[in-house]
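Some notes on the structure that comes next.
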């Protein structure tokens, strides 16, 4: 087995000089300002050791990576009846597609595309006012990251509010089918804030560690979810975590993960490690281009795969 | 860890008395004649021991399970350039959908839906006449099953020939885009024969074992494919192996598998075991109803999951 | 040529006793309260004579029939550049479909489906505040109906506001593509009010008469639009006026018309007559069931067809 | 009213020098060889006078224009029960789309798109062998054109046979739903031959004249269909005759017509005239670019429109 730190350093070194870096997301104006040259990588191993490389301490907008955490929270709140309102099949469509909702009468295909995440957020609102729900999510993230400096980037949140018409369309459309229960502005408001959470690779790798630890946090040792739920969340990440590039990610990288348009990807190797990588440029299906490549190299070098013993 | 044989016996016993058994596929007349009460289960473990329960020695039509084996053959023949003609993303559509082909210009989403498997078969025809290709596939299956009694059920093959207009539509449609290179009747003819291969659970579990053994056959010790290719085929099975129920199977069962409308499912636990189950009744997305339940129970009882350490 | 009044009386008499009347629209609660037994019919002939039968003086909610009038207004305001923002092809989809908008990047297929009418309303808002735009539309309708008692049913408008999430979805979705220029609540607000205009068959037949008179109002003699524009609006009505039943209406009835979910249909026989019919029960594609039948009988009896000399 | 011959001459003169002529259909190799500079125009008026301009006597491949004639024949053979197997709604999709067939279970939207025309041809085969059906269609065309020199271009027919995989896909797909009753090769074989009929503008204008004459042929005086059927065929042409450009044609030209990928368009002004135009270059939805423009100019100059008195 190669030395993990050397592997990370080598990857970070090579990625720094990559010329083809993908395109930074432009539809949220605040995100468009991010420097495409940044690259960070962090790995927390089962023994609680953290390895980092590159800009691993710089906070970035986690965007859709947040969908895994709100799913975890909502499952904790209402349990498996959540699955009456959202499916768990890959979508075969872009992240923001509305087509499927028409054919399937307002039930989104899975909780890791925008429509599904809006339903999950709507479930979270059952017991809370929007402000409270945002507070709840933020404190959950701080707890998981074991770091109270995790924050919501209000500029990004406002930018999403100002331009989030596609998400409002999805929410209104599902409300027409009765699958959004609160005011659309409430649900989208909380959603825009959860997407605007800013975290560093270091924080994100730590936060993801309960999914590598069969539900137990690798650093704090706290049980966050049951073993079965951890496995199942990993299954949903593997089949649906990279939008219409999920099959390719499973094929090339071979571990569960979730990407965000901010350029972050969180991934887990069950029983071994949790990982966060960040590179703002995206490939054509909306996942971090260099982030995906870095994970492919890392998994290969460390012989990490869920499809191997 | 519970005793594997006891687990299998208990499952077979319970399944024998299940009242809700799904509906036997009717669109291939020969398949419609199969007795829905049959149930078989076989597991080959890494040490080369075979455990069976129920009708594990009765041959059934493997149908789409054959897609994994022709994919393996075609990758062996032409390598990864195969992926220029077929994708590896879940389809988000029924197994026989033609819609996606129109939007994606004749490139099927993955090799485990009908359209994709037809392309794979078309690739196999590059060096062979139809009769030769059929012979090649059959002898590959006999070798993998370590059993020369594996055969093609000619009645089923003829029944498919007589009713396979949907598959001819797919093949003609892709040929209009240049993605079928041989005469449509050649490609569909070979395809209908590969689907008509008859195998027992015992044979199928043995045949699948190279995917559990990182490319090495668990019984014969022969290397069939490289470690990386075995992992990747498993990845494709996990994301695409159960049509529009692939996400649900990953969620509930947690291991790679491939189903067929004959009621068979083949599955693998990397490093641990290969499995075949057979129950002819299908659920609404076209996968064996009791077969899926049996695998869910088996995986849970044995604590088998690729989403766990 | 039979006597028009006798034809109308006979139709109204038969329709009164029809047992199969279709289903009243339920998705707008106020509309669901309407008595399905009502039936009205009015015809204004080119000589300015008005014939009526049944409940021809009872106001009903014109709903989508309003789309023809706002289209007329918007074309008057901005001219044919309107067609840069909306197509004029039949949709091949239900009236409220959002699927097509995704494939065609926010450009609705025609101005007589909901998405297209929202764009038209958005165009109308260019020079006006919402209140002013509503006032403008109402006074246009009063002028055309030659009757100042035409009014907006505020209960219906409020009912639409409370339940119009599908339309908000469409508007937000098009705004994401830049094809709605004003605040979604402004555009949908005006739209909900135009749909809530209440008119009787008598008023509606009079209002439609400029389309039968090649742009000149049959009663007042005022020119409302040019000859060419009148013809073109009729062409759009013929190909797109009955949602996904437009082809069938052209086939059976043979004249241009526009239906609304309130059960009204307005139709014109160029050079001869304008017609309004009302029966609240709808067929499965959302057009008045008895209204369509009544128009088919009327056109046949009077030998009215645009496909004949 | 301007002089018709002068109008035709002027149009032909201007079209001869048009630089933007569209693209000749390339998917049928024989059609790709046609000279894009050709332009012909013929008008038969109600008094039986024929006016021509340009290459009006040169035969071209009528292609989909034939769909109107086989529809007429099939309605004559089986009557309105034909409509159980094919709809009459505009498709909202390209001429060769297969998507709609999946959603609507093998029932094509209308008889003027490829799928619908294949069903119509299949209906024609009920009482005939393929050779006989082809003979029947050809003699019907010769009778209507009042000219025995109308012929089937065997080179074009063969070219279609060799490349018509898209149409075979449609036919197989509908056969899977039971909506093609004969062998696919029979139905497509007849279809390819009807498409390969070669006619001049002069012949086509004469052949179309029964649709301008409310069912009676303008030249021979023979009744071909009833008045009602003539109107209804015109209605189907208006709503569906130009594929996904039907709405635009109705809007701009305002008369029923049917186009073919050979560059021909046949059109009728009920009670006044039948028209044929030919220019091989197509616009982006597959209709003759200059042919459409010529018809728009002709209709405008002669004040022909079904949307006017």
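Labels for the chains are A, B, C and D, by order of writing; each one numbers its residues from 1.
Here is the rule we go by: a contact is a pair of C-beta atoms (placed from the backbone, for glycine too) under 8 Å apart; a residue touches a chain by one contact, two chains touch by 3 or more.
Only a predicted model underlies this, so the values are computations on that prediction, with no experimental measurement involved.
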Any chain touching subunit A and subunit C at once appears in the list none
Greatest centre-to-centre gap (Cα means) from subunit B is with chain C
Averaging C-alpha coordinates per chain, one finds the centres of subunit A and subunit B separated by a number of Å equal to 32
When centres are defined as mean Cα positions, the distance from subunit B to subunit D in whole Å is 47
Dist(centroid_CA(subunit B), centroid_CA(subunit C)) in Å evaluates to 54
Where subunit A touches two or more other chains at once, the residues are none
Pairwise touch list, complete, is A-B, A-C, B-D, C-D
Subunit C partner, complex, touching residues on subunit A are 97-99, 101-103, 165-166, 168-173, 175-176, 184
Within the complex, subunit D is touched by subunit C residues 87-93, 100, 109-110, 214, 227, 230-232, 234-236, 238-240, 244-248, 250-251, 254, 256, 270-272, 305-309
